[in-house]
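Structures incoming, each one as structure tokens.
Heads up, the next two complexes both have chain A, just with different partners, chain B and then chain C.
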Partner chain A sequence: MKKTSSAFYWMTIPAFILFFVFHTLPALQGIFYSFTDYVGFGDYSFVGFKNFTNLFSDGRALDAYIFTFKFAIVSTILVNILSLLIALGLNSKIKLKNTFRAIYFVPYMLSILVVGYIFNHIFTFIIPEIGRGLGIEILSKNILGNMDLAWIGVVILAVWNSSGFNTLLYLSGLQTVPDELYEVAKIDGAGKWDQFKHITFPLIAPFFTINIVISMRGFLMVFDHIMALTEGGPGRATESITLLIYNGGFMGGEFAYQTANAVIFLLVVLAVSFFQIKVLQKREVSY
Partner chain B sequence: MKYLRSIISVLLVVVMVFGLSAVGFAQEVELEFFQNKREAVETFDRLIEKFEKENPDINIEQNHVPDAETVLKSRLTRNNIPDIMGLGGNFTYGQIADAGILENFDDASYLTSTQTAYREMLQDLHEGNSNYGIPFTANANTVLYNKDKFDELGLDIPQTWDEFIETAETIQENDGTPFYLTFKDAWTIMVPWNSLAANLQGENFIQRRKDNEVTFKENYKKVAERIYELLDYGQDDVFGFGYSQGNQAFANGESFMYIQGVWAINPILESNPDLNLGAFALSAVNDAAENMLVSGVDTVLTMNKNTDHPEAAEKFIKFLLEEENAQFYIDQQMTFSSVENVFQEDPTVVDLKEYFETGNIAPFPDHYYPSGMQVPNLIQGFLHEGNVEEFLEELDSEWNKVQSR
Partner chain C sequence: MKGKTNWWATGLLLLGSFIIIIPLYMAFIVSLKNPQQLAESILAIPDSFQISNYLKAIEMTNYFQSLMNSAYVTIPTVIVVLGVNSMVSYAIARNMDKKYFKFLYYYFISAMFIPFPLIMLPIVKEMAMLSLDNLSGLILLYIVYALPLNVFIYVGYIKSLPRSIEEAAIIDGANVWQIFWRIIFPVLKPINATIAILTALKAWNDFLLPLLMISDRSNMTLPLVQHVFQSQFSTNYSLAFASYILALLPMLLVYIVAQKKIISGVMRGSVKG
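Up next is the complex of A and B:
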């Protein structure tokens, strides 16, 4: 057997150490603190599973979970439909193709906090203006101030911001589909829809899987969008898990309790991602 | 040879740079002054400049960040504590004091130059009766009003709750907007809430609530009903606008009154320097003599008990408490001083003076609510839904939940 070159170790070990020190260690520390009554500073003592049992009877945490999943599922679906459509368009032979590609990618490169304040302005002044002009009652007020609609504002910002990245992934997927297959299909008399359904979509299925997993995971962690738009309001209508952990843990002096929440959330996100990969990979095909 | 020469010159430069900086650092004491008020950055800068001129061996670095309390707390978790701090006198201050990382000022000579009422307010925030900070300035929870618009309709400052509502109705009848409400930002709801709660919650409410002698449900009904009543007198879409938009709108004369604390006066005057505005205490009760102004410690000065340079840090705190400097600060910031014999004389806030003279002052109720309850968001939710009973029950159940953690 050939000996592995030491260069490979030199490439992996520094990264491993950095990852361990700055990521794994704090995570383990967090799990440790979730069994204490630590407020973030000063003394603490062990309380066993008290934080976890309290958590399961906390209606506020439950509401945050419901909101987070509602938001993540809706945004994931919208982002994937939208970016697949954009990618299909950008992959065809159109003029100014590269310019369009660049334009669609710009939102992804902007800081969400900065864009959030711009959207805040749009929702506060511009949309109500349009709503009043058209005589649409529901749009004539700031939707971010409406308990039932505020989450839609967050979805709009999230979808607008992240579609560019998913479009890029779909585009690279579309470029792996060989042209010959389309030619054969055309000779067999398949229409555009049939081509998409039987050739394009099955062949980019791995990209579909990765897109769904990445966007779902990203949206479950939603934080800056909400910080910039509503700060969890009105009431607690748009309070996501991460926002609850941040607010309760740092501002509310419930560091240990919210760390327990974070531990549970970590398990939930892992479970969701694992489940998605399992289910989606099953329906991937290879020709 | 050429090679050697360049090495030598590089070495020389290195030696010079390090040598020079070593000389520079040897004499100066570097201190971090962490403070939480964005509005006050410039005022503090000018005071620091003056201090450094008097004390050339001390270098004070002011540090202000947005969301300062949260940042400070996360720094505390890493045991990275600023030398000197200027914080709000609220629940967070109490928590930090309880953590045992602040200097004890009980024996400090300058402690007695501050007003007892504010020192007691600070003591109530933490365990025991020690002083872990020096009250520097005080603020007031008020209703700002447009004096010119009040004159147009011949209105006077309302003295009772009924008069307050009557005034609002008169304004509405004359097609004006009584209040510009900025309830998109949940914290701004706490301004009217604090005035109402301080006057209506009953004596020693927080202590008695802790001992389970009273509940929010029993004592807060009127507070909830009255804050809900305010919604009738706001502009269109009261949940659509936030604090900065409210300041702008009130500055432009879009409403007669604006329920905000004195801290909003400067930002408002910045966007419209010609505005003729005044401030009065929200009349929460119907017996004018009983009404109390809500006033709290706006900035409490304190220091890290394990700082490397305790003398220098103390020197700076003492400097800020000198009458001349305290006066300069409150004149710039339109706040009130907790240093004895230093008074706010600005005509804008002249109507508040009688409260300070008679001592009809109450602390901010929300400084004593556990911050884990997130009361502002609870109230915001209630104002959307309007169910008083349900809301008061929620306050009680959240209180119990946070206490049991």
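Up next is the complex of A and C:
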């Protein structure tokens, strides 16, 4: 088959066109509108970089970026530490291995929004009730109503929900490590920590890179968690970037302004992803 | 690995699994109580179960309607994604030496880096303009937006398949379409399972796209309905929990039935991807 069969073109062209129309085109439109004063309907004119310069002095946008990064970094670290520990546990010689594995994966099957509403009620009614019953001061208040603590509630939901998926990824990484390596290490008198540091971790480093990049990317887009728990409140303490773009763009008449925000967000996400891949891959090689 | 059972790990994992189960257990127990039973104790198992909470939640949120809507969106999405995304990937994987197909590959892959918020505002206008701000529009977007990740996974998998499996069919005079559907697609079965699970979870549990595109009550999917009724539940949280349990139930049932397949499917995808 020297000549490419035309069938191969027919297989891809419709998908190419649809993807362009429903993904690339709106993305280009977004970039286009970010240089205008469009409010979502009616006429508009070009305003150059005005939206972008305004964004840099916009306290609300800055707060959204600070909250989103604080949430994403803390959640990424916690999820990855916990998932790695759970995966190590599941990969060791334990009872009820398959049952545990099944339980830890349950949260990933469920709608974050609906689980979030359950957590919302637990934080708002059940935990304070228990806290009052036991006379524990910290527990007797709703943390979602506290400006300084509400973000922790969002982190708890995120960690509960996504640890299972990352655990499975680590687990499939751990299963690629041959048992013989541990046998040799044991004969050499290496302790558990040495085994982890010198054998397990270097060998699953590619999985570590992928997990960190995927988690961080997902958490930077956080939306469902916040809609269910706080809707951005109290005040604007937990307003994420996606929520700000949604609120401002659809409800606040800031269509063009928030698309400019989204363009900046695109650049930030790209920078973070490339930075992570560069740094983490360097670590992989240096082992 | 031979040796003794690691009781430390077993114990810690047991403790951890309580953290997973407790919120769901709480929701379930509370959903079975009336206000008086709740006042006595939140977490104790009640002496009589209030099924009426569930009946009321079903009626109030029009549960079966939204269940049907979620199924109406998810099932065609999964079927078309499997057929179309694998076909596109097959064409790309077998022609990577040609400029057009190589371009297409990198075009789809690079789209993975574009955050949805950039598309969010324009796509809502576009879908409304095309009168696609409905369930069919949702299906279309789920299929199209699944392409980047799935092309990445499928192309990696198809490249690892030896070309010799197609050669016999070519000699027999089969055309490209026949080769794909009769020979390649069946061979993709393991990775199809992975893609089907991930696609179904995405479509079933998604909240943002339905929130943006569906305004008609009779078209709402399960998560969106919970959002709309949230304010009406707030004083009666047994009713709220009954509704949440109902919304989670279909996926929990699927998981209980197909747990082994789902887990091995997701793990397989992570190694190939």
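We adopt the following convention: the second predicted complex is superposed on the first by the 266 of 287 C-alpha atoms of A that agree within 3 Å, B and C clash if a C-alpha of one lies under 4 Å from a C-alpha of the other, contacts with A are read in each partner's own complex, and residues count from 1 in each chain.
Everything below uses one rule, namely that contacts are C-beta pairs under 8 Å (C-beta built on N, C-alpha and C of every residue); 3 or more make two chains touch, one makes a residue touch a chain.
Being a predicted model, the structure only gives us computed values, none of them experimental.
Of the two partner chains, neither chain B nor chain C is touched by A:V184.
When the two structures are aligned on the shared chain, A:I136 is found in touch with neither chain B nor chain C. Within the superposed three-chain model, A:G40 lies in touch with chain B and with chain C [touch as defined at top].
Within the superposed three-chain arrangement, the count of touched residues of chain A is higher for C, of the candidates chain B and chain C. When the two structures are aligned on the shared chain, A:V279 is found in touch with neither chain B nor chain C. Judged by the touch definition given at the top, the superposed model places A:A271 against neither chain B nor chain C. Of the two partner chains placed around the shared chain by superposition, chain C is the only one that A:L169 touches, whereas chain B remains out of contact. By the touch criterion defined above, A:S111 lies against chain C but remains apart from chain B after alignment on the C-alpha atoms of chain A.
Looking at the shared chain after the overlay, A:A15 reaches chain C, while chain B stays out of its contact range. Of the two partner chains placed by the overlay, neither chain B nor chain C lies in contact with A:I66. In the three-chain superposition model, chain A touches both chain B and chain C at residues 40, 246, 250, 255. Interface of chain C with chain A (complex): residues 1, 3-6, 9-10, 12-14, 16-17, 19-21, 23-24, 26-27, 30, 42-43, 84-85, 87-88, 90-92, 94-95, 98, 100-101, 104, 107-108, 111, 113-126, 140-141, 143-145, 147, 170, 175-177, 180, 201, 204-205, 207-208, 211-212, 222-223, 226-227, 230, 237, 240-241, 244, 247-248, 251-252, 254-255, 259-260, 262-263, 266-268, 270-271.
Taken together, the chain B residues at the contact with chain A in this complex read 69-70, 73-74, 76-77, 79, 92, 95-96, 98-101, 183-186, 236-242, 245, 370-374, 377-378, 380-382, 384-385, 398, 401-402, 404-405. Put simply, chain A touches chain B in their complex at residues 37, 39-42, 51, 54, 58, 60, 124, 128, 141-142, 144-147, 230-237, 239, 246-248, 250-255, 257. Per the touch definition, chain A reaches chain C in the complex via residues 1, 4-5, 7-9, 11-12, 15-16, 18-19, 22-27, 29-31, 33, 40, 86, 88-90, 92-96, 98, 100-115, 117-119, 121-122, 125-126, 129-130, 160, 164-165, 168-169, 171-173, 176, 179, 182, 207, 220-221, 223-224, 227, 241-242, 245-246, 249-250, 255, 258-259, 262-263, 265-266, 269-270, 273.
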